[in-house]
Structures are given as structure tokens and as C-alpha cells.
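Got a structure here, written out as C-alpha cells. Questions coming.
Should a chain be cited, it is by its letter among A, B, C and D, assigned in written order, with residues numbered from 1 in that chain.
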Amino acid sequence: MINVGIIGATGYVGEELVGILLKHPDARLTNISSRTSSGELFSKIAPQFEGKTMLTCEKPDINKICSKSDLVFLALPHTASMDFVPQLLKHGKRVIDLSADYRLNDQKAYEKFYTRKHKDKLNIKNSVYGLPEIYRAKIKTAKLVANPGCYPTVSILACAPLVALGIADSGSIIIDAKSGVTGAGKKLVEGLLFSEVNQDFKAYKVNMHQHGPEINQEISKLLGKKVAVTFVPHLLPLNRGILATVYIKKAQSAKGRTQDLISLYKKFYKNEPFVRIRKAGDFPRLKDVVHTNFCDIGIEDCGDNIIIIAVIDNLLKGAAGQAVQNMNIMYKFPEKTALL
Amino acid sequence: MINVGIIGATGYVGEELVGILLKHPDARLTNISSRTSSGELFSKIAPQFEGKTMLTCEKPDINKICSKSDLVFLALPHTASMDFVPQLLKHGKRVIDLSADYRLNDQKAYEKFYTRKHKDKLNIKNSVYGLPEIYRAKIKTAKLVANPGCYPTVSILACAPLVALGIADSGSIIIDAKSGVTGAGKKLVEGLLFSEVNQDFKAYKVNMHQHGPEINQEISKLLGKKVAVTFVPHLLPLNRGILATVYIKKAQSAKGRTQDLISLYKKFYKNEPFVRIRKAGDFPRLKDVVHTNFCDIGIEDCGDNIIIIAVIDNLLKGAAGQAVQNMNIMYKFPEKTALL
Amino acid sequence: MINVGIIGATGYVGEELVGILLKHPDARLTNISSRTSSGELFSKIAPQFEGKTMLTCEKPDINKICSKSDLVFLALPHTASMDFVPQLLKHGKRVIDLSADYRLNDQKAYEKFYTRKHKDKLNIKNSVYGLPEIYRAKIKTAKLVANPGCYPTVSILACAPLVALGIADSGSIIIDAKSGVTGAGKKLVEGLLFSEVNQDFKAYKVNMHQHGPEINQEISKLLGKKVAVTFVPHLLPLNRGILATVYIKKAQSAKGRTQDLISLYKKFYKNEPFVRIRKAGDFPRLKDVVHTNFCDIGIEDCGDNIIIIAVIDNLLKGAAGQAVQNMNIMYKFPEKTALL
Amino acid sequence: MINVGIIGATGYVGEELVGILLKHPDARLTNISSRTSSGELFSKIAPQFEGKTMLTCEKPDINKICSKSDLVFLALPHTASMDFVPQLLKHGKRVIDLSADYRLNDQKAYEKFYTRKHKDKLNIKNSVYGLPEIYRAKIKTAKLVANPGCYPTVSILACAPLVALGIADSGSIIIDAKSGVTGAGKKLVEGLLFSEVNQDFKAYKVNMHQHGPEINQEISKLLGKKVAVTFVPHLLPLNRGILATVYIKKAQSAKGRTQDLISLYKKFYKNEPFVRIRKAGDFPRLKDVVHTNFCDIGIEDCGDNIIIIAVIDNLLKGAAGQAVQNMNIMYKFPEKTALL
């Protein structure tokens, strides 16, 4: 049994984390802190938790947090985590950071997309990118896990087998992604008002989304050379879930049809508890994974192009669920604990 | 042909007004002003108008507005209209104000619900409450029309025949109203974010909504004595439309069943171009009136109680459509012009 | 550890039941049957269960079901359950029926609203109405539990304290209820198509819904005399949840204001694990209870009238969750097991 | 002033057609027929039309229809139109068919995707594909206009300038399209129920949608050689609108950046009343075109690839609006009449 804390528990991701951890038999949620809502019962801020927890949301105090936690989750906005991580690590705590602060090796990209200088370059090098399907071995012993972004999680899982096995023409990867609104958090901007989003649909940050560099970094690592994908995110009028439709041109030498590709994906992910590959002609929809930690993938060969359709719940496999999956790996708990 | 202007054209109601007026054969929209978006092409702020109007949104300047307008619509937030109305009237312009500033005779109620002292008490007395079904004769010659609120419009039209004809037990009027989100405008508050409203439903301002006094005022006038209705508004996860389910206890002397009540409503509204009464067993839904200026009403007798279900589009019959209906009456244009 | 089966697992309620039972530490789901989808892996019919269960959906066969089950849940359409219940009881199995077949004592009402003669009048008398907050003692030993309807659950819980304690004027109970779409199941009718429901809102079966007699029966029992409430259901454009706004006239002798009423509700429900009473001025919304088994209640005194606002998830406290709560009571498992 | 009739007026497209034609100053809607709802007032079937038209929906009778119409619109399901068209043409009537029956020159493709043999091959040759931006000259004198499908309209308008001017690498056109639910009509299938579509998103008919051949046919004509695009449609949880995100690889010889491409699109469509090109960095959303006949297009150069985002209202520019635009062209009415 370990003790865990959460800093930043009042956003959508934070609430999901609380919900999962309260069900976890091997982890005890001992402290919740928030920069904005301290002093209140958590169940008052999030009434769905009434009767489930008596924890009070406190102002973040490193010493107090460290005295109560073996592991700390940070569910803070980008650029806020790097104020907490160095101290937590100094106290010997293990950390899972759900922000983007420790995901990018390229400092210039970080500063360009998150518009702030990084204050803790040292620990970037020591962080492990928390995508279990690719980095499980390193996650086991990691002190600091940089939990992946939602778009990168679904995009990398969709592409990885083709890229790693040399089937993709690396210059021709197109990711057309569609996300529900919780991906943007509770930001008070006109574009997120109900009357603006409902009955609407749009692309945004066309080929210039901050998750682009993260996807490029990981695809490049898998491939062994630097590539840039074409990445267009869209905003869906629904709360949860991301569907990515990925178009990959085959490398000239690549052979095989849909069934071969499916076999290849099944083999690549054969030990993965949260990746499910569909049979030929069957494609996943959001409904199949929302409120779960699964990533479902369907594949279709179209001659020159391969179409891959992958779905996740952005708040679970794309954030809080994956974070707990990482915790399970770090502490050798069965990987599915509290996630089924 | 008259010249008209709009102050406050960039909200949801303002955009509807622009749309209707651009189609109106007898009114020329000559100027649009806004306190927040001046200097820009209106079609840039509201791209759905590209190719339809070349008007630029200007900072409100009374002299300029008056030089270009016979009639001015004010689609401003509550408490902002009273800064403009006195000057417009002084310049001899006719005014249709879509805010609550000139609707309430009771200053205390105004100050309680809109939390500001009224600056123009004089003109309140001269204003006409712009509900054509009740006040058409006065609207014809009005200098200042106080266009009704959306909840009061649907509530009063639902109750009027029973109240005016003495069938209602005046102490027992319950209005359970459900409104789409545009009723609240484009306010940046967490409660109006898509991820909060979508898949949710709630009551709000339970028996203390600012439209309560407006409903009470008009029902009391119809009845000839002071009453207070029970009024509970709810927020629907959709953009447009209000449905009010009204429960009225019959006065002890009242007789007749559903069919008699329907006949009575049909007679009461027989010359009304925008009120449609359903036959027995048939009740209106939002879909029947959204994007129209109609108010549809269904009636059911249940013994002691009468149930009335009435629907409107909150942005049209509940705001911009009714405002243009009032303009048509004021200028003796056919009442349906630009509204069908 | 008990063995349980489900007949009718492929509807919305059935899927919820499967989900809860798979998480239940003291119940083993051993068989799933369906009249329409036999022979297929359940996870193929409901892909969100892939990796969670290997059960196959079988044609219902009483002997087979009885050989594998201590308790059987029936999640069948109304009028279908009475074909199975007598045989299951004869085999000595305990049964929780989620249909309306064993809820109504008044056969005429049943036949009027469900348009079929009842085939198993005998067992109606032996059934227990499965609302734990009222009938917990009887449920403990029941052979056959008639699990309440979704509207009756929320309506009765909202009214019970006022009715049971003589505060309600029994002739003046108005229930204005609003339900999400899953309440209607997966019926293929035009009125349930997305393009019809989305952006729409309507009342339906105005004061003639089949849940009316069920509400009347239970309110009458609590009161000790026969009453008929006014009940108007409405269809919300969302998937899950019911909100009921209840208007009750106070009995002439009744005293006390909002705070007194709240205290009274808290006392009435003080040992209830799934009823939460709000403090004054605070009203529940769907979001607070969707995906939970809670019923949240807010109360407001308005002088002559009392307003009660109550919410549940129609598929959980209104169906599958309450069914498992009943199972927990019947087998002396901790009542919250698998429901938090 | 011409007389027009509609066969098949009770679907979503039919209702839009009625609405537009009732506002048209130069066309008189004289008859409405439907195979399923004959004998009823149209305003009873579609209550939003009450007070707007007294037309009765009749059983389709060719002689009666021809005696009352100069032009007939067919808003029938695919494979139903070919039963009516030959007779209407024989009577000398002009016809605008909104089904797919006269769009495809390739009979094999028609039979494969619409699963029926064509009965009227003769008239296919005489039909004009009703996309005014490409075929205006032919439409002017056409006897039979095959009104384009919704996906083809937005896809072809998005691609046409790049294809016609040789900038596209013809082998690499990817169309990722997302449509609202009305595109599927009022079909009673489980996949279109509200509780299935709401909060969900999915791809369907991946690279095998019946509109694929129509897109390929027209892109091939523009290019002067046969090509096959990659076309993946998705279902959005909203009522109206299609957004297509198109990815086109540049031909090797192609030069120029975003601004040059925009200039090129503006020039290509410079006389088009219903195509609006966005400036650099600005992309259209559904909201900008829903309830209008516009197609809005945004363009972004990404080096090797060009991204084009185009939106239409599937029921207007994708069906009824374009049909009336074609009528306006055929009868030399100003092209925007009744469409602004």
C-alpha cells in the first residue's frame, strides 16, 4: 500500500484521478491540493464525490505533501509543474507529471509552443516518457514520469507498428484528429461556451498545435530519423474522447494487405492490456472506449495508403488513466488495477 | 421605408436582429454599433454575414446614430440601455429596447434583481410593454417599447386567457420553464462552458429569477390584483428555445374540459398572427418554433388542474423577432413582414 | 459468493448490470441470455466489454439458467418478464425483475398502460417493491423483487418525507419530470432518432404516462389514502439522468421553512447510503449523480408551496444500480458494494 | 413566375425545399407529393409550416403533377427517382433530381453502390451534373439536372482549383469528411438513435462510401485522367453541416505558398455567389455556413502537402439550396434569389 497525493485536483483530469485512486486497493489518496480552491472539502467542489471522500483541498505545501506521499501526481496546467517537480524529487518522492513540462527534449519547441522558458532543464533529461506500450521497462524504475498528451497517446499508438517496422513512408504521415471538449480543460474563453461549441465543428491550430512536436519527437525516435507529421486537430461537440484518422503512405518496399497489417498490429501489441486491435472491416468509435483506459485500433489497406483509426478517452488513456497505469508499473501492482 | 440602427449588435440577439432587418423590405439597416467591437466589418465579427452586409460596427455615437435612424433597437445588457434611451428620445427617435431597463414599474424590484439604481425613471412611465398580443394598440403609437423578456413572453402568453377570463385560481400558478443556453448570452462563466452544460440539466435561480417580477407584474395586471406565481427556470443543453409547462389550479367556479379550454384559447388569440393553439392531445415541442416567431400552445384539463405547454424561440419571439413585430406595428407594416 | 444470471443483457440497462456485476466481489456473473442476440460473445455485441468478459450471450433456457444461478436479473421489456418469473421461482431461484410486470397491484391499471393481460397474478402478491429506502426490511427476505421504474424512484424519494409526515396537501402534488433518452431503451421509432431529439425538448404522455399509476400507488401507501399526482414527463436531449421538479402545496397545519424541511429530509433519510440532501439554496443537477447510484435532493420553501428538486441516473438508481442495491440487501452484502 | 412541384417533400431535404420555395418571389409551389404521407395537410406533417402553407401532401400522380408544374423537384431516396424522371421529361417538364440516380456515368459503380440495376440509362446521358461552379453553362439549358451529393459538393469545391490547375499530385488526394446526422435522412436504424449518436463519433464506410465514385468521376473530369481519391466519412453528433479536411500532395513542379494558393482560389471562384475563400490562417467552421447556401474554404500550405478545409450545410448547398440555385440558373432568375 502506498500513499499518494495530487496537486491540481479540481480540473477535469484531477477529478478523474481522484475517482480512480479512491477505487485503488493498493494506493491510499492522502492529500489533495489546489492553487485555487484551498480550504474546501473536495466533495463540495465536486459534488459527485459526496459520500466518497472526506479529503479537504489544501494549498500546495511541499513539506506537507511530501510527509504524506510516496508518489505525487501533478495535474496542473502546462508551465506550472516545473515549479513543483524539482522540490518533490529532492525530497525523494516519485512524480507523475500530467503536464507537458517534461515531455519535450527540444527546449526551443517547448518555449515556442508553451511560450515560457523552462526552469528545470536538468530533470527533463531524467524524465521518462510515460507511454507504457513503448517505454514500460524505463517506467518501472523512473523517478519522474512525463505522462503523454492525449493527442500524442492516440497518434503514437496508431502509428507505432508501421513506423517501427519500416512499413510507413516516413515523409507521408497525416493525422486528422478529433477531440471532445474536456481536452481543453475548464478555460473561460468564448470558443468553449456551450452555445459556441454545440452544433458546431471546426479545425483549430491547423498544423501548429503544441502536441505536434511531441508526436514528431516520438515518431522520430521510433523511426530512427527526424520526421514531421501533418497534424490537424478538430473540436468535437461532445465531452470526452479522441478519434484519430491516420493516413500513411506505404514505403515502396512494403507489401501485404489489410489482414497482414492487422496481424502485425496484434503481434506488436500482444502483451498490452489496454490496446485492442479490431478485425478487418471493423473500426472503433468513441463509445467503445469512453470511460475506459483502452485504445482501440482499426486498420484498412487502400493500396498506396493505409488508414488507421484509433480512439481513446482523452481523460483516461489520454491522461488520468494512463497516469495510474504508470503508477501500477512503477510499483509492480497488476497493471490493470483500478482501471477496469 | 424607414432607416433603423442597432446598438449592441454582436450578441446572439443582435445577430438575429441584423439577419431579420437585412431581409425586411420596408426597413433599411443603416448603422450598427457596439461598445466592444468598433471599427470592424460586421461580417468579420459574424462570418455568417459575409456577402450579406458591408456595414461596419461603430462605437456608439448618439448624434451619428440619430442622423441615420428613424428607429433604434437597443440589444444591450441590462442596465446599459438606460444610458442611451433618454438621449435617443430627446432627438425624437423611436426606440425598441430589448433589455429589462424599461419593463418593470416597480423600482425596488428592478434594483433588487438588476442590482443598480435606475437612472431614467421618467421614461419608464412612458414606455409600453411590447407584448403585441396584449398591448398592440399602445405599441402603435409608442415612442419607447420595452421588449419583453423571453421567459415572460412565453409565460404570459400561456396564462393570459385563463387569467383574464377568471378561470385561474390566482394563488396557484406554477411555471416550470426550460430554456436553451443562448438565453444567457455570451457570458464567460464556468457554468456556461460546453463541458459543463452538455449532458447536464439543472434548475437555477429557483423562484428568484429576475424575470419573476416581470411575469408577476403582467399577470397581476391581467387579473386586476396582485399575485405572485411560482417560477422555476431550468437550463437545457441546447442552443435555442424555451418550453414552459404551466400548472394552474382552476377557480372553484370554473367549468369545462380540455376542448372548451382550447376553444377559449383559440378565441382569445384569434387575430394573432404568431400564436398557434394545438388541438386536444397535441402538445408543441421546441422544434416546431425554433427559428420562427411563433408561440405554440397546447392545453390539457386534468380535473382540478390545467396544464398548459407553450414554446417559443427565445431569440425570436422571445427577443429579436418580437422586436421586429413591434416595429411592424409601430410603422403599420404588415405585422408578419420579414418574420415568416 | 453467489452465482447470478441476466436475462435481457443487451439493452442499455442490461449493459449497466453486466458492468456492475463484473466489478462485484461477492457475485459471479455466470450466464447472460438474450432473446435477440444469442450465440455471440457479449463483448462483440457491446465492444466496451472486450477484455472484460468472455461470456457468450445465450438463448434463454430456464434449466440452464437455473443450474448456473442463485439469483436471476430480468432486464426485459415490459410484458416479457411474466413469461420467465413463475418458472424461475418454481426452481427456487430468487429474482429481481427490472420490468413493470410485478410493480402494480392494480391489474386494471397494468392492463390499461401495458396493453396486455397479466399472466401471473399470483406472484404479483408475493413480490416486494424494490425501493430500499421504503421497503428494505421486506427486500431482505424477498423471493421476487419488482425493481421500481426510473420516474417512480426519483418521484417517490422526492415526496416521501413530506407525504409520510403529513406536511403535503395530498391533493396538490405536481411532478414535472425530465428524462434523458436511454429511459426509452433502443426502440426504433422516429421520435428517438438523433436528428429528431437533438436540439429539441418536449413533454410527452402528458398526465398519462405508464409510471403515473406506479407513483400514485406508492404515494397513496405512504399517505394511507388514495391520491393521484399530476405527472408530466419531458424528453431531454441527453443520454442519462432524470431531474424531477416537484411542487407540493403545504397542508394547512404545516409549519416551518426551508431549513426545517431540510432537517426533516436529513432525518428521514439519515441511514440511507444513496440519498444525499442538499443544504438551503443548493440544488442538485444531473451531473452530480450521472454514473452513480445516488439520489440527490434539494428543497425550497416558497410559502404556500414547497419545491423539491431530485436527480438520479435513470440507468443506475433508476434501474441497474438499484437492482444491485437490492441484491446486496437480499444477500446481506454491504449495501454499497460495487456501487461506489 | 413559374409553377413548381416537389415529389418526396416529407424528408429533411424536402422540408428545406418547401421552406425556400415558399419564400421565392418567382416560383409558386403548387403541389407537394409523397409516397408515404398522402392526403394530409403538409403543415400537419411538418408543424413548423403551420400558417405558412395550406398545401396538402398528395399521392404522386404524374398527370396531375405535370398539369400544375413547369419544373419538378425530386427529393426521393436513391433508386426511386428513376421511376418518375422519364415520364416527367416526356411531358416536357424540366426536372431537378436530388437523388443519386442520374449522377454517375459509370453504371457498374451505380449498381455496386446502390444495389439496383438502372432503369433509365438513356436519360443519364442527357442529365447535367448540377454543380453551378463547374457546369453553370450547361445547367442553363438543362432539361434534367442531377443535383450533386453533399459530400461530393464540398469535396469537389475544395479540390477543384488545385486539380484543374495542375497543382495537385493526382495520386495523393485524401478527403477526411465529417457530416451531421441529417445527411442520413430519417432512417429507422439503431445507429441513428439519439442515445447511440450523442457523445459518440465514428468513421463509417471507410473508403467505400457511395459518394466516393461521384467524387472520383468529377475530380477525374477536372484533371483529364482517371484518379481515385481516399475518402473517409465520419458521423458528427450534430444535425446539420459537413466539414471536409482535404490533404493534397503538391505536384513536383508546383510552387507558391499559402498566400499564392489563396489568390488562386479567389480567382478561380471570383464570380461565384456562394463560395467564400478565407484569408491566410483563417479556417471556416460549420457555424459559418449552417442555414446558408455558402461553401466556405480555408487553405494552408505545409510544404509538401496542402491542407484545404471546406464547409457547407448538407441540406442547403449540399441538397435543397443547391437545387434552388440550379433552378435560378435554369430560369435566369438572379442566382441568389431566396437563398440569402
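Here is the rule we go by: a residue touches a chain if its C-beta (ideal position, glycine included) is under 8 Å from a C-beta of that chain, and two chains touch if they have at least 3 such contacts.
What you are looking at is a predicted structure, and each value in this text was computed from that prediction instead of being measured.
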Given chain B and chain C, the chains that contact each of them: A, D
From chain A, the most remote chain by mean C-alpha position: B
Winner on C-beta contact pairs when A-D is weighed against B-D: A-D
Computed distance of Cα centres, chain B from chain A, in Å: 46
Chain A and chain D: spacing of chain centres that average the CA atoms, whole Å: 39
Whole-Å gap between the CA centroids of chain B and chain D: 37
Numbers and ranges of chain C residues touching at least 2 other chains: 196, 198-199, 237-239, 284, 287
In the complex, chain D residues that touch chain B: 47-48, 50-52, 199, 273, 276, 284, 287-289, 291-292, 294, 296, 340
Residue ranges of chain B touching chain C (in the complex, touch as defined): 171-172, 174, 176, 178, 196, 198-204, 206-207, 230, 232, 234, 236-241, 243, 245, 247, 249, 283-287, 290, 298, 300, 302, 304-305, 307, 309
Residues of chain B touching chain A in the complex: 12, 181-182, 186, 188-190, 192-199, 237-239
